[in-house]
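So, here's a batch of structures to check.
Same chain, two partners: chain A is paired with chain B first, then with chain C.
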Partner chain A sequence: MPLFGKSQKSPADVVKALKEAVNSLEKGDKKAEKAQEDVSKNLVLIKNMLYGTSDAEPQTDIIVAQLAQELYNSNLLLLLIQNLNRIDFEGKKDVAQVFNNILRRQIGTRSPTVEYICTKPEILFTLMTGYEHQEIALNCGTMLRECARYEALAKIMLYSDDFYNFFKYVEVSTFDIASDAFSTFKELLTRHKILCADFLEMNYDKVFNHYQRLLNSENYVTRRQSLKLLGELLLDRHNFTVMTRYISNPDNLKLMMNMLKERSRNIQFEAFHVFKVFVANPNKPKPILDILLRNQDKLVEFLMKFHTDRAEDEQFNDEKAYLIRQIRELRPSADH
Partner chain B sequence: MLCIDNHVNKVAIKELGLLTMDDKMCNISKSFDSEGGDCSDADIEINNRIFSVESDEESVKRFNDQDNSVIWLNDEDFADDLENVNINNFFHRVDSDQIIYQTKKKRLKLVGKYVMGDLLGEGSYGKVKEMLDSETLCRHAVKILKKHKLRRIPNGEQNVQREIKLLRTLKHKNVINLVDVLYNEEKQKMYLIMEFCVGSLQGMLEATPLKRFPLFQAHDYFVQLVDGLEYLHSRRIIHKDIKPGNLLLTLKGDLKISDLGVAEALDLFAVDDTCYTGQGSPAFQPPEIANGLESFPGFKVDIWSSGVTLYNITTGVYPFEGDNVYRLFENIGKGEFVIPAELEESLKELLQGMLRKDPEKRLTVQQIRQHPWCIRKPSRDSIQVPIPPLKGDEWHNMTVLPYLVDHYYETQSNQEGDIQYFTERQLNEERRKHETQQSNGISQSNQMHQSSKRRWKKPMSCITVKRFPGCKQS
Partner chain C sequence: MPTREDIPSVEVPKEIRLFRTSLIATVTMMVSYETNIDHYSTISILSQCWDGFVNVLLAKHTPSAKLVAIKRYNMDKLKEDSYLVEHEIILTRQLQHPNIIKYFSSFVNGPEVCVISPLMAFGSCKDLLDTHHFSQGLPENAITLILKDVLEGLDYIHRKGIIHRAIRASHILISRKGNACLSGLRYACPIIEQGKWQKQIHTFPINVSKNLNWLSPEVLEQNLLGYNEKSDIYSVGVVLCELANGSEPFAGMATTLMLVEKVRGAAPQLLDCSTISRNENNELNGFSHNQANRRFSEGLHQLTALCLQREPLCRPTAAQLCNHSYLKVSRRGLYLPDLLKPVLPLSDRVAHNTDDLANLDTIHKMSNLDLFTCEWDF
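Coming up: the complex of A and B.
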């Protein structure tokens, strides 16, 4: 206990004070300035309880448990996120820090905050729409990625309609927001292998319809990033079913063959890693085989000249040689 | 044939007032210690590391000038004339106080754009050294592979090529990152430049009395191992040699799965993970391999070895032992093992799940991740086992720096007297002082520690003769 100054406020007091301040901030009345100040002050108090300061240790488990309980009961987490754009710059960062810390809290094998958010998925959806507001997008991003680490929360986000908004967010004109959204998007699609594989399988058409638009995006970065992620998704062993489905569709093959000819060498290279899967498939469906056969000579010629300066990349050269051999040896299937 | 006791290893030349013991000779003693047949190659290595041609000639000249009873032979002559030379005339045993040591001179060496630092470790294939990228200033480690050494290891060259090929395609926080590969055809060397790691779990275990980690530390490493393993498996790679010795740590405490020399990559369209070969370390092999089954599911091999690893880092012993590989395999083959009673229940259950004899019944990566023992974070209730210090430096300072300092501030160090000499007696005193200081507690003597280190500079240089052709294994 400090000898001078006010004695420490209890978690209940701080949470109550913060809630009142946020409410008055929300109303935007005359006292807004005072409210802003109170919000910042109380956020710092909560942050210090969780993280400690340079001369104080974090609070004991009991205090932190009380604080968490107060936060759940008062519904303050949602309120803070809903009003995040009204809170000042430092305060926004404090909200993210408090949120992430409370989220990581564990009691034995349980994560109480994760359980709490499962009952209040609105928190997640509000965070996701955060990408639509420039001034809070990155703060929401850090909180979303922390949420995505938990399978239960990732599942709620993936299976929500709001997930498809990500296809919009990753393409926004502000580069840092678009890339932040992309890393969250990628985290959701790759972090929990079984969950992701099931999701992609069950929502194959919808997801890949949207995905197609990313691959055809006007934005070079979007095109390149999404192509790279597509390669990673297809080559992940957990997504085997999705991969076989993807490489059976002649439209996908056509798209990749066009991307092989893109102006950007990086895109050509990423496209190569998806294209190779079509060719390596031992059970090529007829439409795929037909396209490859129609372009047999052109493809061989093209691949012979493809990125010849990557001499030191043995893996790539092996794969290229393999593809050339495979395409050369292609024969029309026996049953026609 | 000429043979000198390695422990004594003190050879002096009569009447040579000042015995110049240059690094060249000294380092040979090391390679002589480890393997006899390697002199020529060690020569090359040393030449490049520390010795400039001038200083080499100088020392030879000094020998010739001072004493004509001593005939200093060139490498080539030495072998031929050895039988004609009376060894007793050639080498004289002298009292230890007459032996003078010389501090090792740091010479900057560049390989491509990388600046070499000190030795970090040594394996059957060659050395591992620290290295600095002079362009990005990133700290790396380099595995120096010598072709002739690789040839002696079964499948050596093949394994290295496979490792390079695999590592190039991988990128994950818990899998070692291959930064660059350089070749030197002339010297028949290969440089694998990797992320800088400070040590392996094995090294840490060996340096701790109980040979195990406190639970919270084991938990931290194990969870990272499982993450890395999940990634490898998602990329269709079966590591096949998971063990504490292949799990490295960065300064930050991130675990890195390394050594993919015997790993296998499954075909993209393989229906399942059936494998036919396993060449990992015996104590970590699953019953299906110990029993010599023709084929077995690959991913479950890694699960088993991760289970043995977890058992080992939490108990300090192995679940299966044997006097020789046959006994060991016999015991593994039975699949019966005992878990020390003092382990907590959930850990026991996890170990039992990972070490199920039937690979089909063994846990999957996903099941392990969701196991209560993995989800629950143990509290930090005891002192963490530290990463052992490298040559007395518990902070693992960058060893490239002294070379750079020496290179760019050479004039200054020359004024101070670049080469320092001291006798065995001084050396022993310094060593004793050093030891007492260490046992007195590290914190209080931090400053003294540093100053004594500067003067003392490790007796890396110890005297020897240039070559021991007599020990060639031919």
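Coming up: the complex of A and C.
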């Protein structure tokens, strides 16, 4: 095989060897140590074919195509992910790198790996439950975010029941896992604007019931991140319908007004960016208007003293001045 | 890895030693560092960084009675930087090498993110240079031992596709047994982007003003040629000068001048009798007698010059440097903690410092005072 030198195995050989090794690792028989070694070795071989090394270029497209085909046919991607916790520390990262590279493969405008995963959604679901296992959570996160870049895959994940587990994952006590899960969660909810808007509209009650828990979380980081994301979601013009619905609910307004008074300055600031939408709404429903009217003087006084040290932030100061004027000029509606 | 730390240095037969190593390793691995602040009792403040918003504390992990370091980031005070904290922790958690700092666990406590890591009892190399004894540099043998560890750690992260971008003495930590570890990974960036191993990186690190003196000319130039992992090798060269001379080259120089000097290829040097020239009156141009009279070996001079070459392609890789003849010379019998005397590891010199801790507590409480008293009428 002059194409890739004497010592190099063909894609089919490497995939076969890797599959056998993972299988025996799964069985956990006496040869486990040998299996571990074989898994690591063959993963590195595949990784080097895809990425190259400091001395060697990546393999040609033909070889990569063969490799990808072998990976699909052997179902190895799923097998690797299912056994990820059994693979050693560096091997886990190699799996993620191989997966992410193969995922990005393109033939013209087609993404064959994405098409393949659409027929094998277990891959996505297995990756999502990966957040429940400390030792593989971050590796699964890397792969999930890469998947979320593709609308077809993001859609499968968003519309699955497993999606709601993210509300649990983003709050786990281990900070690195929680914040990694949050990045994936955010990617799923913001990357594909129309898909996300449709999803939020169709599942408004379920999503925002869960979301409420994040906003009330005991965990400072969760509370802050989820509040910031809420602001971004509501202010995205694609989510207009969702925003209208959100700002019609007086409970949401009460929550934001309370968050304006939180100890943390960052949370106050993020809450301001959600609160402003309630005030700026030209068609305030009566319950919303009533709350604002009842607190009219307090709000004006409060906002006058709110984050006065942000003198250099022009947009914030303009918005604050606008809110103060709006609240001052509030009058009961005609039928009040 | 913390495991070696715990092995007593009594002479025992090799077989038993190996057995003991693996046993202790297993036991150490089994200590789990809970994500709950109640399991750690703080003893004293070790250092503060990021304008005082990040505190490093010495603490005891009460279930195992082990000393650990707790790094506490005040997330409410860190603004734009808060995602760097996340980046640093997630990245460090995915690295496993004896010469890269290990994070046992990380969790949120109030507005702070806490990271538990092994206690690095000699602090950073910068801490060593800040002691009176080493203000003009470390002895050559100490530098060499540190360099070996740094290069091993660097080779590992380069092989894993990461550029460190902030190699400097303050990011090299020394354990009680003299093992050097790289930290400061918040500035690091991946070489792999868009599913490909990139030949050049063009992104400029963020929030980097304090690291400029250590950065390579090609990173600072920010031109189309970009840079790669060889820029870390340049920084290693700067660190060698820093460790040998007591402060980094270009220190105190205007940033633009520093940039011009680097771009035109001026290579910093180790200060000793071969590089410090006396003027016609036999004066030392501001250098001390100690610096002017000492002599670093030819090997160390050469190695430093190799790292500081203007052209990145000419610089050796971390792996090649590990195999450099200068580092291949056996240094058995050299033990870093001995070379660092009279500076002692932390565990031997700190007592419970209640004053500082009480202060920290007060500051904490003050910042938590509720300033808004108004009540909404719902």
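To be clear about the criterion, the second predicted complex is superposed on the first by the 330 of 336 C-alpha atoms of A that agree within 3 Å, B and C clash if a C-alpha of one lies under 4 Å from a C-alpha of the other, contacts with A are read in each partner's own complex, and residues count from 1 in each chain.
Throughout what follows, contacts are C-beta pairs under 8 Å (C-beta built on N, C-alpha and C of every residue); 3 or more make two chains touch, one makes a residue touch a chain.
Quick caveat: nothing in here was measured; it's all calculated off a predicted structure.
Asker: Based on the superposed arrangement around chain A, label chain B with chain C as either clash or fit.
Answerer: Clash - chain B and chain C, as placed by superposing on chain A, overlap.
Asker: With the two structures laid over each other on chain A, which partner does A:206 touch: chain B (first), chain C (second), both, or neither?
Answerer: After superposing on A, A:206 lies clear of both chain B and chain C.
Asker: Comparing chain C with chain B, which touches more residues belonging to chain A?
Answerer: Touching more residues of chain A than the other partner does is C.
Asker: Once the structures are superposed on A, label A:90 by its partner contacts, choosing first (chain B), second (chain C), both or neither.
Answerer: second
Asker: Mind working out whether A:325 is in touch with chain B, chain C, both or neither, as first, second, both or neither?
Answerer: The answer is neither, since A:325 touches no partner chain.
Asker: After lining up the shared chain so the two structures overlap, which partner does A:301 touch, if you call chain B first and chain C second: first, second, both or neither?
Answerer: In the superposition, A:301 contacts chain C only.
Asker: So in the superposed three-chain picture, is A:27 touching just chain B, just chain C, both, or none of them (first/second/both/neither)?
Answerer: neither
Asker: Tell me the contact category for A:179 with respect to chain B and chain C: first, second, both or neither.
Answerer: After superposition on chain A, A:179 lies in contact with chain C alone.
Asker: Does chain B (first) or chain C (second) touch A:280, or do both, or does neither?
Answerer: first
Asker: Using the superposition on chain A described above, determine whether A:219 touches chain B (first), chain C (second), both, or neither.
Answerer: Second partner only.
Asker: Just chain B (first), just chain C (second), both, or neither: which does A:133 touch?
Answerer: A:133: touches no partner chain.
Asker: Spell out the part of chain A that touches chain C in their complex, as residue ranges.
Answerer: 51-52, 54, 58, 89-90, 93, 97, 100-101, 103-104, 138-139, 173-176, 178-180, 219-222, 224, 254, 257-258, 261, 263-266, 291, 294-295, 298, 301-302
Asker: Please give the residue numbers of chain B that touch chain A in the complex, ascending.
Answerer: Residues 164-165, 168-169, 230, 233-236, 266, 268-269, 366, 372, 375-377.
Asker: Which positions of chain A touch chain B when the two form their complex?
Answerer: Spelled out, the residues of chain A in touch with chain B are 106, 108-109, 193-194, 235-238, 277, 280-282, 313-315.
Asker: Please give the residue numbers of chain C that touch chain A in the complex, ascending.
Answerer: Going by the criterion above, the answer is residues 35-36, 75-76, 79, 86, 89-90, 93-94, 96, 103, 105-108, 110-115, 160-161, 192, 194-197, 317, 368, 370, 372, 374, 376-378.
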